[in-house]
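Shared between the two complexes below is chain A, which pairs with chain B and chain C, respectively.
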Partner chain A sequence: MKLLTTNFIKCSVKACDASVSSFPLKYDNQCEIELNYEEDESIIEKSYQFLVGILDKIDWNALLKVCADLGNNDLPPNKPVLTQDSLLSLNDNEKLILKQLFNLLINTEIVNGSMKCDSCGHVYMIKNGIPNLLLPPHLS
Partner chain B sequence: MSDPIKFYQIQDNTLKEQEYVHEVYNQISDHFSKTRYKPWPIVKNFLMTRPDYSIGIDVGCGNGKYLQLNKNIFMLGSDRSSGLIQCAYDLMKEKENTKVETLTEAEIEQGYTSMCFGEKRSDVMINDGLSLPYQNDRFDFAISIAVIHHFSNEERRIQACKHIGEKLKKGGEALIYCWALEQADSRRGYNESMQQDILVPWVLEGEFKNEKIEKAPKQSKKAIKEISKPDLSNVPKEQRSQVIKAWKEEQAHLRKLKQEQELKELEEKKKKEEEIKLKNTKYRYYHLYKKGELEDNIIKTGLFYIVESGYERDNWWCICKKK
Partner chain C sequence: MLETPILSTDIDYNNVYDPAEDTFLLMDALESEHNKGQYDLERSTLSLEIGSGSGMISSFIIKHKIFGENNYHLSSDINPLAIKETLKTIKLNGVGRNDVLLMSLLDSVRDGSIDYLVFNPPYVPSDDVPILSDEDRLSVALEGGKNGMEITNLLIEQLSMKLSTEGCAYILFCASNKPLEYKESISDMYNMELIEKRKCGWEVLSIYKITRK
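Showing the complex of A and B:
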């Protein structure tokens, strides 16, 4: 599961819909993480464009929380302001943030571990890169 | 086991779907996935015309054949079948790890360069279409291709459409496909006058076929031999004709026994083959949609208005927009 995905998923339990604590899920700090660096310049460039494009749609606070769960506190507290035009004249700080975002959101994968709903306490497993959000019969 | 008779004895809809949809897909996932690789034109067009940087969900993505068509959007695919999601995950990784430079000319001609080769633009998970673990009002678009027809009553089918709507932003569009009852040109030949709720057999073949069956206890077989000629050397001349007559009768009897045995063996072989076929036939439940029914389901959610709808390849499809 890519870290980007954690920015969209919440608890499957209907009763948790109304609770703000069902999103994001709380990731176990023992999760096994894999980071695959990208070296291909053209893919890096296209991925930066893509990231700037979807930046609007990222819930920054949720991202900070999940990163903190997994032991990463490198991102700035506020969402950076970046546009496709600004990609042509990035300052060093912006370059660094984009690189971090690329490595975190796209290149980092939670391979094994678990995530928990802070509202109902239900724990969901991630095995071999695949999260399972199904509920046991008594909860569905 | 998906026994077609037992289906009608199950009253609970969740259980019906568990046995006649989810378990079957887990049993046939590898074979099924191998047969699902060509994108349907209308689905492809819908995905290729999403604005850049849209975020979408594919509810019931199967082996994920639609997740990586457009590299300028991000898609989350999910399925109730862990077997199919494993296929989707493996195929996703394969594309992510294939550099676009390695594509053949034929692949480039087929438009593969717009696909996510070498780029990570999708993810997959196991979840339930009636309990999607996504934030509400968050997604730009959704697709659900050949999925809603597996829910076993109208209320659940409407609920499934509604649940997709809840995940979309205002103005977000969904493309939904369901199998049609009207299939005049298909080999299955379903038509308007037929039953809408049916069990459709899937026969596992080739490498996916399970050939092992319980062995019946071996019966000791007596070899039945015919002797070429009776030995008459020690038989007095006057008795020889009687001996030959008796010998001929015995031979006829033996031949009859042999024929019977061969027939029995043939029957057993046939029975065994039928048993294997039965064991490799899995029944999936479908509700075949009548003309106008999909739009009706979608309107009944109260969340959508219809943008466009039509018929393609034995399926009714509908593009709807969230109010």
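Showing the complex of A and C:
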């Protein structure tokens, strides 16, 4: 499961829908992470527009929380301010931010581990890179 | 015509739905929507295929960037054997930003996040909605209970919460689902626009684009 996906999934239990603590899920700090960091700027550049656009959709506080769960406290506390227009004249710092975002969101995968709902406590497993959000019959 | 994705020769069709006329109709509908140029957006979008099965349609979406250059695609299924095949087929057909998950309908999706939903539901009328079991993993992909609409109904109930402001859903119906009557019954909340319709053997299948009013 790519780190970006953690920003779009919440607890499956219907009773948790109204609870703010059902998103994001709480990731176990023992999760096995695979990093496939890309250093080739030209490959990353092809995703600049996507990265700037996806920032709009990302819940930054949820991303901070998930990263902290997994032991990464390097993200800036506020969402970087980047627009499609700023892509026309990026400074080195902005290029670095986009590179970090690319490697974090797309090239960081949770391969094995678990995640838990802070509202109901249900634990969901991640196996071979696939998160299992299905509920046992008594909860669905 | 956009190229049809290739499938591995060892897909387990005893446990995973084998692409058929409905699959191809849905791909044709997505292609015609793509060709209207409406997805060439600067903003980034999120798409989700529910019930991705063999992975044919999701691979088509990823391979041809159906929803534009700046899309992130998720594929989901309730059948663990199907999601393995989905992943295999996506990898076989090249690279693109995507992920896969085991999930039931829109149960685990963050509210307001989906821009494009794609669903070929179990639409065949049956006495009951089948339950996934080790003995039978195929019926859940086919049988939709009363009028073949029980699963689609559940999805539509969740849909308006989960779609983004301008989000839409592409859903397949067969004639026994009575799509025109259904369109009327949800008209307070949703618009339903016919995108493709085709006679396939003894079935008449159609793809509707559903948007919030």
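Heads up, the rule we're going with is that the second predicted complex is superposed on the first by the 136 of 140 C-alpha atoms of A that agree within 3 Å, B and C clash if a C-alpha of one lies under 4 Å from a C-alpha of the other, contacts with A are read in each partner's own complex, and residues count from 1 in each chain.
Just so we're on the same page, a contact is a pair of C-beta atoms (placed from the backbone, for glycine too) under 8 Å apart; a residue touches a chain by one contact, two chains touch by 3 or more.
If you're wondering where the values come from, they're calculated on a predicted model, not measured in any experiment.
In the superposition on chain A, contact is made by A:23 with both chain B and chain C. Of the two partner chains placed by superposition, A:85 touches none, neither chain B nor chain C. Contacts of A:131 after superposition: both chain B and chain C are touched. By the touch criterion defined above, A:12 lies against chain B and chain C together after alignment on the C-alpha atoms of chain A. In the superposed pair of complexes, A:39 makes contact with neither chain B nor chain C. In the superposition on chain A, A:107 contacts chain B only, with no contact to chain C.
Note: residues 1-2, 4-5, 8-12, 14, 23, 47, 50, 53-54, 56-57, 106, 130-135, 140 of chain A belong to the chain B contact set and to the chain C contact set alike, using the contact criterion stated above. Chain C makes touch with chain A in their complex at residues 41-46, 69-70, 72, 74, 78, 80, 83, 87, 97, 99-104, 107-110, 113, 164.
Contacts from chain A toward chain C in the complex involve residues 1-2, 4-5, 7-12, 14, 23, 47, 49-54, 56-57, 59, 84, 106, 130-135, 140. Partner chain B is touched in their complex by these residues of chain A: 1-2, 4-5, 8-14, 17, 23, 40, 43, 46-47, 50, 53-54, 56-57, 106-107, 128-135, 137, 140.
Across the complex, chain A is touched by residues 14, 52-53, 55, 71-72, 74, 76, 78, 80, 82, 85-86, 89, 99, 118-121, 123-128, 130-136, 138-140 of chain B.
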